[in-house]
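A single structure is presented below for examination.
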Amino acid sequence: MSKITLLIHCPDASGIIASVTSFIYDHKGNIIYIDQYVDVENKIFFMRLESEFAEKTEIGVIKEQFRNKIGERYQMTWQMYTAGAPLKMAIFVSKYDHCLYDILGRYKSGELDVTIPMIISNHEDLKPIAESFDIPFYPVPVLKGKKEEAEARHLELLQKEKIDLIVLARYMQIIPPNLIRAFPNRIINIHHSFLPAFAGAKPYHMAYKRGVKIIGATSHYVTEELDAGPIIEQDISRISHSHSIKDLILKGRDLEKIVLARGIKLHISRKTLVYNNKTIIFI
Amino acid sequence: MSKITLLIHCPDASGIIASVTSFIYDHKGNIIYIDQYVDVENKIFFMRLESEFAEKTEIGVIKEQFRNKIGERYQMTWQMYTAGAPLKMAIFVSKYDHCLYDILGRYKSGELDVTIPMIISNHEDLKPIAESFDIPFYPVPVLKGKKEEAEARHLELLQKEKIDLIVLARYMQIIPPNLIRAFPNRIINIHHSFLPAFAGAKPYHMAYKRGVKIIGATSHYVTEELDAGPIIEQDISRISHSHSIKDLILKGRDLEKIVLARGIKLHISRKTLVYNNKTIIFI
Amino acid sequence: MSKITLLIHCPDASGIIASVTSFIYDHKGNIIYIDQYVDVENKIFFMRLESEFAEKTEIGVIKEQFRNKIGERYQMTWQMYTAGAPLKMAIFVSKYDHCLYDILGRYKSGELDVTIPMIISNHEDLKPIAESFDIPFYPVPVLKGKKEEAEARHLELLQKEKIDLIVLARYMQIIPPNLIRAFPNRIINIHHSFLPAFAGAKPYHMAYKRGVKIIGATSHYVTEELDAGPIIEQDISRISHSHSIKDLILKGRDLEKIVLARGIKLHISRKTLVYNNKTIIFI
Amino acid sequence: MSKITLLIHCPDASGIIASVTSFIYDHKGNIIYIDQYVDVENKIFFMRLESEFAEKTEIGVIKEQFRNKIGERYQMTWQMYTAGAPLKMAIFVSKYDHCLYDILGRYKSGELDVTIPMIISNHEDLKPIAESFDIPFYPVPVLKGKKEEAEARHLELLQKEKIDLIVLARYMQIIPPNLIRAFPNRIINIHHSFLPAFAGAKPYHMAYKRGVKIIGATSHYVTEELDAGPIIEQDISRISHSHSIKDLILKGRDLEKIVLARGIKLHISRKTLVYNNKTIIFI
């Protein structure tokens, strides 16, 4: 069996589902998953479809025919992924280690279908962790007045290893526009608040000051506006007046780990689609 | 515009989605929602689809053609619902009033697209509530040794008003097999535990005794085995050692109200399908 | 048995708990609940204590002695409540009825230990609900350029009935400063977002636009800064890209009802204490 | 400053709180935390108290005086812990690695105030993980007909290192009575269901079969009756009909990790007290 995952968005029109599913059927494909959504306001159609084909089917041919027969007709933006080499994921960290331990533990447990060719950090602190998990560690200091040097080094490393996805695992630096543009909707950050509340620095301190009864975490794609990119996943935890800022930070660690891990998993299983600074999450 | 909701289950086969969606497209229908699921273990295909047709379309003709062209070919069990008269819902109660207040409040707020031709009770206590909401109230005592009389009266009332759905809003009597068979998958009960834990009587007492840290509620279709029918919805609430049985009962009220209301809403919007004593819940 | 509830806050000092509990013991009281909290940053001590005394105990005498022996010594701000007449609660509404139905259903079920001498509204729409629950309904239009007239009428009604607590059950008007000052920490509002996100008008519209994956509701005491008062309770519900604004509004109704009800219950059971625009919630 | 944590339970009586807090005050202690609970049904008083004393205070003397003046008077069962050497925790594993990775990640991050002198396993599979975290790994096969050999080896290892707490991190063997008796309320297990639902083997399979809409995990102290010991912590996750058993197992991993970690943290911070097969959890 060979399997494809098809992601589509296009102007809404009558007959899209019938056309796509008939196309698959005509090519002897067996649809094992279909989910669709229409943004009624903007009249945009979104679809995710998984299909299995007989072993001998040439996916290249199917792609070509899909482009000609379906894609052009409905003015689709589409990707057809085949189960192939896993995504190459780079992890950026600073000094906090809990998200890094969590990701690497999941990776070693076989929970994440990726390779991790590099961990990049602006500090040396977490190097021993990278080493104990046998992952190459690249220290890239980000110094005042020399940020462009760091950026160039980042791009060089990422391109050399043909990185597909960047995960900011509590990386405490602003990502410069060039790097964001080189990885559109392919940089996932974890922010330690239920955005849009407490964007920016020190969200736990702000949450404590405001006296909220819940704290949260948000994983999102990085865009040029800080903490304002498309949200992939959020979750929360109840707190009370008796929790100090230190307690919030500690309680928040589990939230951050889980919300980031869910975001990564959704991305690598091709279940996210971005439109108008929002995500469609297929389930 | 006229709108249909189509619910299907049948042996899994290749091409079902293409056939159904092409059928809709050929009849000038516009699919506005599709969700499907395959029970891989039992090889059963399930689908829910909503479609809009032009005003003049005769749904009767479409139904006939669907039966002949699609339904028979794939050995489908299917229903095609048209937006018509709302469901007729009967509420059974005993002495607890919180679920009744909740359902009637939602009904008056326009949240539930049903009519409520009757409230049936084995006690007179809640009659004033029925009256203040202008709903006919039928007291039907269920007496030892005379349970068959009550059953006959129930069936008579339900059939006279052509009731579609029965909601047991903390009704403290066992439903006899005849009544269950007359309303298969059309009687919704709320049980005050996260089933299968604490089935049967006094679940809050059992939860207290066991020292659980969460309590729950479960709405399910009633089958002949007590508290063992297909689960529609469940939710939970955190508790601690400091909660007395009385506290659990009070805390549980909100759970019961919400979990029952969600179960009712899923049923009346045709989003539930029962197979093998489990529900498929389309979202 | 006669029972007291004691709420205290004062500068933190050594020996407060020992002094207070010994005082209770010396007066033959039996402590059945004690909870305390120290705001370490501001060095403030908070305590809530429930105690039972023999029937014949004169609480007036105990109060006097507590003031002289304990209160003054530790510069306490304190209230000693005796189980007496229930609080008098006024409900303000506009046109949304779901919170009103919820509160009145709970009230009639015996869940809320209050009397409700009045429902005040700037519209006539919900009058029939008030009538069906036998609660006096006072329409007080809030007209442009004549807001002071409305305010005067509000104060007159509230003072005439000696109202203790005002609940804004989706009341769609800004409360003027005079009314807020007349009821400090005694006006509870429900805001339909997880504050501080989406303060102000149309939070569900903003939540939809931002693409959040959770929505929330917040009950808080009203202060002069809009939606910025001390938070009593918050809760959230998960949503997805597929939910329209209308869906959010509908889903949010249950959140609003529950979060407001919890806020009311905490207040009337004397479990809230406000300090520095934050609440201490004793459990 | 030297700090104590005091845990008490005794028959309920008037004046206990006053006596204890006055005792602390008289010895120049500053109470920084107090929480108490009365089991009204069984008339048992429970208390947890933290207090700071001046550096020079001899805790041994205080203990002696507490025993004579307070403990005997109220027939207390009590422990007075001083901040000293961290607990010695042994981890038992089989082949599942996710809980082990999670615990070791937290340990290395400084989240758990323990030492981990050993990981014991009935298989060799997880030895490399132990090594990468520099923890001694002891393989102890548990063979049919030779279980007593394993038990003896376990006891020998545990006693040699003076282990205080055993954590069963998805250890797939029944713990024999002798070992349980040697570590009463000091063996924490993680069970992958919301107990008492789905006790015993293969809870995810049972959950799938029953069609529940929530799955859970439970951390509890091990007693001789399987999966029936005092519950420390529980949490749940929502699922749907579309989740296969494999999905449940994967989704459950995060629940297991978090619920076990919370159980461990509550135990090592002396916030749990067991009575009548239930836990009191001080917060």
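Here the chain labels run A, B, C and D in written order, and each chain numbers its own residues starting at 1.
Here, contacts are C-beta pairs under 8 Å (C-beta built on N, C-alpha and C of every residue); 3 or more make two chains touch, one makes a residue touch a chain.
Chain identities (UniProt): A, B, C, D = Formyltetrahydrofolate deformylase.
These numbers were taken from a predicted model, which means no experiment stands behind them.
Note on connectivity: the fewest chain-to-chain touch steps from subunit A to subunit C number 1.
When the C-beta pairs in contact are tallied for A-D and for B-D, the bigger tally goes to B-D.
Of all chains, A has its CA centroid at the greatest distance from the CA centroid of subunit C.
Look at where the CA atoms of subunit A average out and do the same for subunit D: the two points lie 36 Å apart. In this assembly, the C-alpha centroid of subunit B lies 41 Å from the C-alpha centroid of subunit D. Residue positions of subunit B touching 2 or more other chains: 242, 283. By the touch rule above, subunit B contacts subunit C in their complex via residues 97-98, 101-102, 105-106, 108-109, 111, 129, 132-133, 242, 250, 253-254, 258, 261, 283.
In the complex of the two chains, the subunit C residues touching subunit A come out as 37, 40, 194-198, 210-214, 216, 230-236, 240-242, 244, 277-281, 283.
Touching subunit D in their complex are the following residues of subunit C: 14-15, 17-19, 21-22, 24-25, 28, 30-32, 34-36, 38.
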